[in-house]
């Protein structure tokens, strides 16, 4: 079976359902709008901040503040792309057409990842420029050291979050179960673990905590994170690989 | 007794049901037939007071459903097997229905037993198969021991044992003097179950008569005659004699003759006169399906066309002949003709013509593009000869 | 050709399919029958490589399903009408299947025409009725113009015109030399469609025979006779050693008899016959006979005529 055929087929699948459009546009809109709003608020607050905060003020990272909500839409996208197959019964038709399950999953993930990467990068750049426009004189420039890396990293981060969700959905199969676990985890649990001192050391190895380091340009004052921006992204990638491998094993082993 | 008078339902400018008048009488099973989109479900919903008629009315025992005193004890209905809260157990579903209409709890266990769901009574119904859901729906219909029962496609999803059970259940309910009104798409099933038929098409009444009359009115019966295989000349002799006597004789694939236009005793006499020995002389009646198809031609929504297969440049499979006649029931054709224009009499009964529908462009070619079988095509399936599902048990009119 | 060899599927303790061996041959319609829970669906899913057999083997034209290159060109299956994404249009559903197997795009339009869904091709499948969903599933099975076709309960939800159409479609596919394998609960429908039967119950093979043999082996066949010379015929038949049953309505029945022999006897003695028709029980009766032991949900069907009255009365007295 030519993988090209399957990839084309998966592209038809992904572009022909409404959930693709609404999840991705929600991710774009939320990330940009919230980023702009918080950038604007930060600019107005800047003069009231104390000296330390002013010194570690990271205009790039601030403009990506919308990511915390926008990533939830990316999670929904990733989950639905995979688990829709199961919840609708389409999986039986799909696997009868493409019995090589590895090829099936690879094509699906490839197409969805490509789309997420495109949307993620566009979102990231737009968010950055609009955010900096809001910040005015406190803003950063794309040519500043580390900024371009952070902006591209923002797109990669969104893509990896979607991929991680695809892997989890491939393991769990049910959209409700997958969303029920992923949404509260990324919205609440991970933040709590990452901010409570007792669990901070473990929390920072979670995929979103580690991955989001790529969007930081200015290192916080009391930074003791044992990895850098690319190291963080690498940790996130390990999570993604683990999730996708798990999903692949489940798909391969279990009856459809 | 269900009585509809001038029943009409419009949705915007589409008329779903137009001026329907009929009675469903107690003591027999009345089948309700019609193509998809003919207004069957709308009619059922109006009978149950779920939809309001645009004009006209339908009553049960003299009352419109909504004014019926204690309706659940008078009317039971199976409309849609999936109209059940999936999170509830089968027993709780029925209990909640029973409590609504003051039916004692033990009746719930009775009906669960009747439909064979006692073992899964405490399982949530969302885990049920279509057939189990159907049984639960039937249990709900029986709950109030009603005199009037409505079933919409009751055998959907049931296995053969279940189908037989539902058929016997409906017959026995009717035998007790209840009114049983059942819609179905399965003609062969209806032929075995219903005594009386109400047929609608495009929202209008097409027929309201007994099953036997319906078949007799919409199709021709025939006789199957077999002469000794060993002496083909006898067959020729008899064919000629029958044709001279005014019969219409066609050969069947297994060498028998299909004779129309002559009663059985007459055929027997002619055989006697010409000294032809008979090996078989059986009366056959067309199936309910054939009769139905003739009547409702032109009242169907989704039609199929010939598979052109232009995109697949595969050679014909070995042994396949591109112009093979369809070995199906001779008529109507595999690809039924397009609906006639609106406005005229849509259901004029074409007598034995349905041969040449407007084919989609070009001659039908390729393996699927088999031409429509000529109406008179001899074929092995045309009559359920030995393996017949029993429509032909009706006594021939001409045999005394 | 589909070949099953010792096919077995176990779910925990339960044997869903137990050592099934049979071959589905080309050129005929093979019916696949069995009560609910007999293992029909599991068997069909294993044929398509969706479920992994616990033991045994299924081969499609000699190959395992996952060794087929572009499987839709070998075997087309209608498994269940709802095995599709409701948010996708009929056209896109078929298009993604076609692309995955390298089937040209225009073939999609053709199969839509074939099943009569062209007018709704751009509508989302979730708005489809069961019958329309079924037609879309059939379109998917025909897409690759496969040599083998498999249909699970194909007439579900179809109206009489649709039932008639699918029946003739299956027959003509078989007549073209294709392999057609179809499961159904509708015995009367199967009797009109299938040439050969495979019957399973509780996961085991119960029968693998031609339709005619199946009915002959599992039910009574007889010849029904009407004649104006009843007494004379009775006399003749009795002298010839033929056992005759007299029925209430004036007809005679000869069990298992050959109509040829009776016709010859009547002719010898110049007895006029008004009917001489070989009768056979229906497929349904034969099926019931065979599978009586292996049904999962038994309704109270033992005494149907009396039962409803009895249960109606019980609680009415109290309330």
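Lettered A, B and C in written order, each chain numbered from 1.
Going forward, a residue touches a chain if its C-beta (ideal position, glycine included) is under 8 Å from a C-beta of that chain, and two chains touch if they have at least 3 such contacts.
Here the structure is a predicted model, which means the values were calculated and not measured.
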item: Overall pattern in which the protein chains touch one another (line/ring/star/complete/other); value: line
item: Centre-most chain [mean C-alpha coordinates]; value: C
item: Intercentroid distance (Cα basis), subunit C paired with subunit A, Å; value: 51
item: Separation of mean Cα positions, subunit C and subunit B [Å, integer]; value: 18
item: Centroid spacing, where centroids are CA-atom means, of subunit A and subunit B in whole angstrom; value: 56
item: Subunit C to subunit B touching residues, read off their complex; value: 27, 33, 35-36, 103-107, 110-111, 113-117, 119-120, 129, 131-132, 135, 142, 144-145, 147, 155-165, 167-169, 171-173, 175-178, 185-189, 191-192, 211-212, 215, 221, 224, 226, 228, 249, 259-260, 263-264, 266-267, 270, 272-280, 282-284, 287-288, 291, 295, 297-301, 304-309, 311-312, 314-316, 318-319
item: Partner subunit C, residues of subunit B touching it in the complex; value: 33, 35-36, 102-104, 106-107, 110-111, 113-117, 119, 129, 131-132, 135, 142, 145, 155-165, 168-169, 171-173, 175-176, 185-189, 192, 224, 226, 228, 264-265, 268-269, 272, 277-283, 289, 292-293, 296, 300, 302-312, 314, 317-320, 324, 326-329, 332, 334-336, 360, 367-368, 370, 381, 384, 386-390, 395-396, 399-400
item: Interfacial residue positions of subunit A with respect to subunit C in the complex; value: 1-2, 5-6, 8-10, 12-13, 16-19, 84-85, 88-100, 255-256
item: Complex contacts: residues of subunit C adjacent to subunit A; value: 45, 48-52, 65-66, 68-72, 77, 79-80, 82-89, 92-93, 95-102, 140
